[in-house]
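Each of the next two complexes has chain A plus one other chain: chain B in the first, chain C in the second.
Moving on to the complex of A and B:
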């Protein structure tokens, strides 16, 4: 655990603890179960998208389409339920399948034509945005009592802190993500792919299949994120989502995953999302603008990637000495 | 394999080659750079598809389309550049893609246990939970072999396995190879080291220019004849080349130092050392792998920053804090790792050659196209670079020719001092001889050369003065007639407490 490459991960948890301590000193009612539950509820959708992004980045890629795929999913869900009259549960399944297929398609193009993921997913981002407005040009309320009930369902824990369905989904996705990353061949292949793709090919690992699956997972997580966003607002909106992909990337990187691939942990992304959410909430407690949250995040992100570079360089020098 | 043919754009890499390996033998595959050894192996293991020909394996015809196909058929390969995932653990690297599972979940304990078993089969006892990148190249090589052998392979292909190993490690590897051979495994051994071929191989197949020269029994192929076959020359000619190389050993030169380093040090990489290089002198840095030779060179070039000491160039103190400064002051550096630190693989031969020259002129003063080609052609001819045209991407050339392109890049800057870090690694006898001759002619023209090599005989032949290194420090210096292989080895050994 205390290996050099784990330093960024430990640092993230350190920052999270410091943030929470400072915030609880500044504001007496910050570190309450209620407030914490609110942070989780507000950022669960981002967390789910970030878990998907973690796999993409671990594999050495990037997925810029997740933000608009999320927006696309909210409006697709709204249209299916409110206009088409599809029952909520089948509608949710359709949206998940579409997101998954969309991601898989991008992965297929990236793998087959050996195109840079940045450009392919950028195209996917525009595509998803455009289609959203074709589905419905403006926000649409979701008329389904079952969906509304699901969205407002809460478990009371720790003295009345509400644990919403979205929060539970977030925790479930993180747990499944950890299990996939560390206890399946597929997960280890993702690490191998991001660590050294040419070696992975020569080792006989199923590189193409792994790559396509990684983007499919990311697309599926983006769709799930969209469904969760729709639960929070009981509506769909074709205009939202742009920029969310960058928030997700920031969470993953703050969580200690190297943008170059091959090194990182899903649990780090959980910490990254909590840091992200805590900073935004602190800024709101302070009564400042959301632009200040962006500034704080920008500085923090810069500090993290600088630290990662220093750690990686130090490790490289260490291994040169050992030979 | 019979009648194998493979073409790349503009190059016929293999033409009608036949190759037979029996079980229970070590079969050496020999040839100069560009002879087609690597291509043959990549065809055999499914990395490239073949254009024509038949391959049979254990009586059945095979046509592996991916490395996985070949692996399933029982052909295991360890490539020249160790192909492992540096950040993952040793155990994981051995077991990737074949981890034991229960109900879909990986059994980490079982992974560790089986990996340790595979390592034990090679007589290796290391902590398999540590990252591969934390071990030396030699260990990484062994890990790669352990991985290759994990499945019940019937044929093991070792592509240049010894090029980054020291003598002790080579001996260990050979012990392992003999054990595997006795187990009935067929082993294909690709190497440039003749001594090693004669030590371990049973049969030798020689390739030249993508064609088959022949298959020979080791006992019936004297060394000189093998070299002649590889070079496509007569035995007498080869003897002559050997003789001129030996005579070429230059004597000691006097005169003021071009480069003078005093107390040069960097914490954790080089202990304080003094070094002088004069004009018209080849100074060698000898020592085992990891003795600090490359680190010293990087300090002199400004690629790493020194913590202490002073460097004087032509009598004037020089900071050398950055490679750009070193280049401006007339120092060239051909790095050891030509793949990742030197060559830009997708640029053409001529673009690679003029890269540093253009950088020296600045971005806005582009070198005229005609001049570029002129310079490139001059060096292609002078260094005998084998390329279809100056516009061919460098990645399509063989290792030795890539090395020459790198050398040409620095030579067209007309440096006063050139640092050659392992210029002959991974290239064949013929090209080695040519590079040594080149070094000698540069020296004769008054250039100062710092020559780093793991091959002692090469150091002995090429250098006027040799600084011997050990454990990140300089432990002695040999001049002129003192320079002999055993003298260097004695120095290294004597220092051992």
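Moving on to the complex of A and C:
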């Protein structure tokens, strides 16, 4: 547990505890189940996207398309349900499949043509953004009583804290993510790929399949995030999502996953999302501008990434790390 | 570059050939679609016409592209340029408007600030060894936050004549912004050509360990390049603010980093670093503006224009991939294609 590579993860939990203590001193009702439930409800969609991003980053890649794929999914869902009249459940399945296929497509191009992931997913970002406006040029309400019921369904826990469906999905995705990352062959392949791709190839691991699957997972998570966003607002909007990829990357990095790949934990991303949500909520409580949230996030990222590099450089002194 | 064969390849033989060809095709299409496309008129002693408008629109992209080309040549990338533009534009506009500072002083301060931001990303990349995408991503977030913090997110109107001249002035009928950015690009090109700087940059990007063994001070060079990229973005931010007569911290330069990377990649500079082509990047920048202009003419909603951009980037990337080229040329070769280098 107290190994060197775990320092970033421990630091994340440390930051989370400090943040919560400070927040609860500043605001009497910060550490209430109700407030916590709200933080989870507001950032569950981001959390799901960040879990997908964790797999991509663990494999040594990056996926910049998730934000706009999320926006694309909200508007696709809204169009399928409200314009095309597709029942909600099949529509959700279609959106998930499209997100998955989109991610797999990006992964296929990255692997087959040995192109830098950041560039391919950047064009994916453009593509998803443009296509969203082709699907519907403006925001659309989702007219489905089943969907609305699902979105407003709440379990009461810890007194009266509402546990929404989106929160439950988030916890489920984190659990599944942990199971896949740490207890399956695929998960070990992802770590191997991110640790050293050439070694993974020499070991005979299915590098291509793993890479494509990782981006497919990320695309699927982005689509699920979009569906959850649509649940929160019961509408779809082609203009949203841009910038969410940065938030997701921030959550993963704050969660202690190394951007060079191969080192990190899905549970760290859960902590990263909570840190992110707590900071955003504190800043809202303070009545500060959204620009302050960006500055705080930027500084936190700076601190975490610098710390990570120092830890890694200390551990791997002598062997040159790729920049 | 790591190509195994010495034979001149069919594609990308000359770095400027392909972007120029793409540009020619796009211009030809425009000419057929609208025969008046190349007509340049004179009104009130000012040139006007489609070409002039495109160049004017490209004027805020060109400085960014110059900086981005050098950053990419060192094997990095700078995602912070859009936010840095917003910082420079907003800061200068505020200093002039509320502190009633002389324009020259305001511009100088703004440029120094963005230079500092750039050199901090450079330090992160060179000394802390953070990946360039990540280091500059931080400043993309931070910079936007700082720009918005300056004005509480509000736009700052620009009324100073001298400042406005930067974006709306004309010299001998030619827009001043266009003259400025081309003169800037030419000066940088001459500097890189006449000094060893260009060679050093290529060397660092092409083979980091070899250039270290040659005694090139990589860290210093990289910090300098990122600082320079910051300055370039700052100039672009000043022009962009002067063009719309207002500094909008929340919107200015948004997604411009992508256009700049697009221009550099289309211009034939490989994202892996090494050899670069400033001329190619300039053509790439004008190409992207022409593409946007053509879309507008064809009545494509501006929200949808990312789609053709994405397709062009993807196509250019594929053309740079040895494996794709091998697949593409396979039907035309007699011998079975060798396995492309991984």
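Here, the second predicted complex is superposed on the first by the 316 of 323 C-alpha atoms of A that agree within 3 Å, B and C clash if a C-alpha of one lies under 4 Å from a C-alpha of the other, contacts with A are read in each partner's own complex, and residues count from 1 in each chain.
Convention: a contact is a pair of C-beta atoms (placed from the backbone, for glycine too) under 8 Å apart; a residue touches a chain by one contact, two chains touch by 3 or more.
Quick caveat: nothing in here was measured; it's all calculated off a predicted structure.
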For A:122, using the defined touch cut-off, is the partner it touches chain B, chain C, both, or neither? Pick first, second, both or neither. second
Pick one for A:143: touches chain B only (first), chain C only (second), both, or neither. neither
Considering only the touch criterion stated at the top, classify A:183 as touching first (chain B), second (chain C), both, or neither. first
Could you look at A:130 and tell me whether it touches chain B, chain C, both or neither (first, second, both, neither)? second
Which one hits more chain A residues, chain B or chain C? C
Considering only the touch criterion stated at the top, classify A:249 as touching first (chain B), second (chain C), both, or neither. second
Contacts of A:292 with chain B and chain C, given as first, second, both or neither: second
In chain A, both chain B and chain C touch residues 320-321, 323
Can you tell me which positions in chain A touch chain B when the two form their complex? 3, 5, 179, 182-185, 188-189, 191-192, 195-196, 198-206, 262-263, 315, 317-323
Touching chain A in the complex: which residues of chain C? 75, 77, 124-125, 128-135, 137-142, 144-149, 152-153, 208-209, 255, 258, 261, 265, 271-272, 301, 303-311, 313-314, 317-318, 320-324, 342
Considering only the defined contacts, which chain A positions touch chain C in the complex? 62, 109, 112-116, 118-120, 122-127, 129-131, 133-134, 137, 238-239, 242, 246, 249-250, 253, 259-260, 289-295, 297-299, 301-302, 305-306, 309-310, 313, 320-321, 323
Could you please specify the touching residues of chain B with respect to chain A in the complex? 47, 66-68, 71, 77, 79, 83-88, 92, 96-97, 99, 101, 104-106, 108, 131, 133-137, 147, 268-269, 289-290, 295
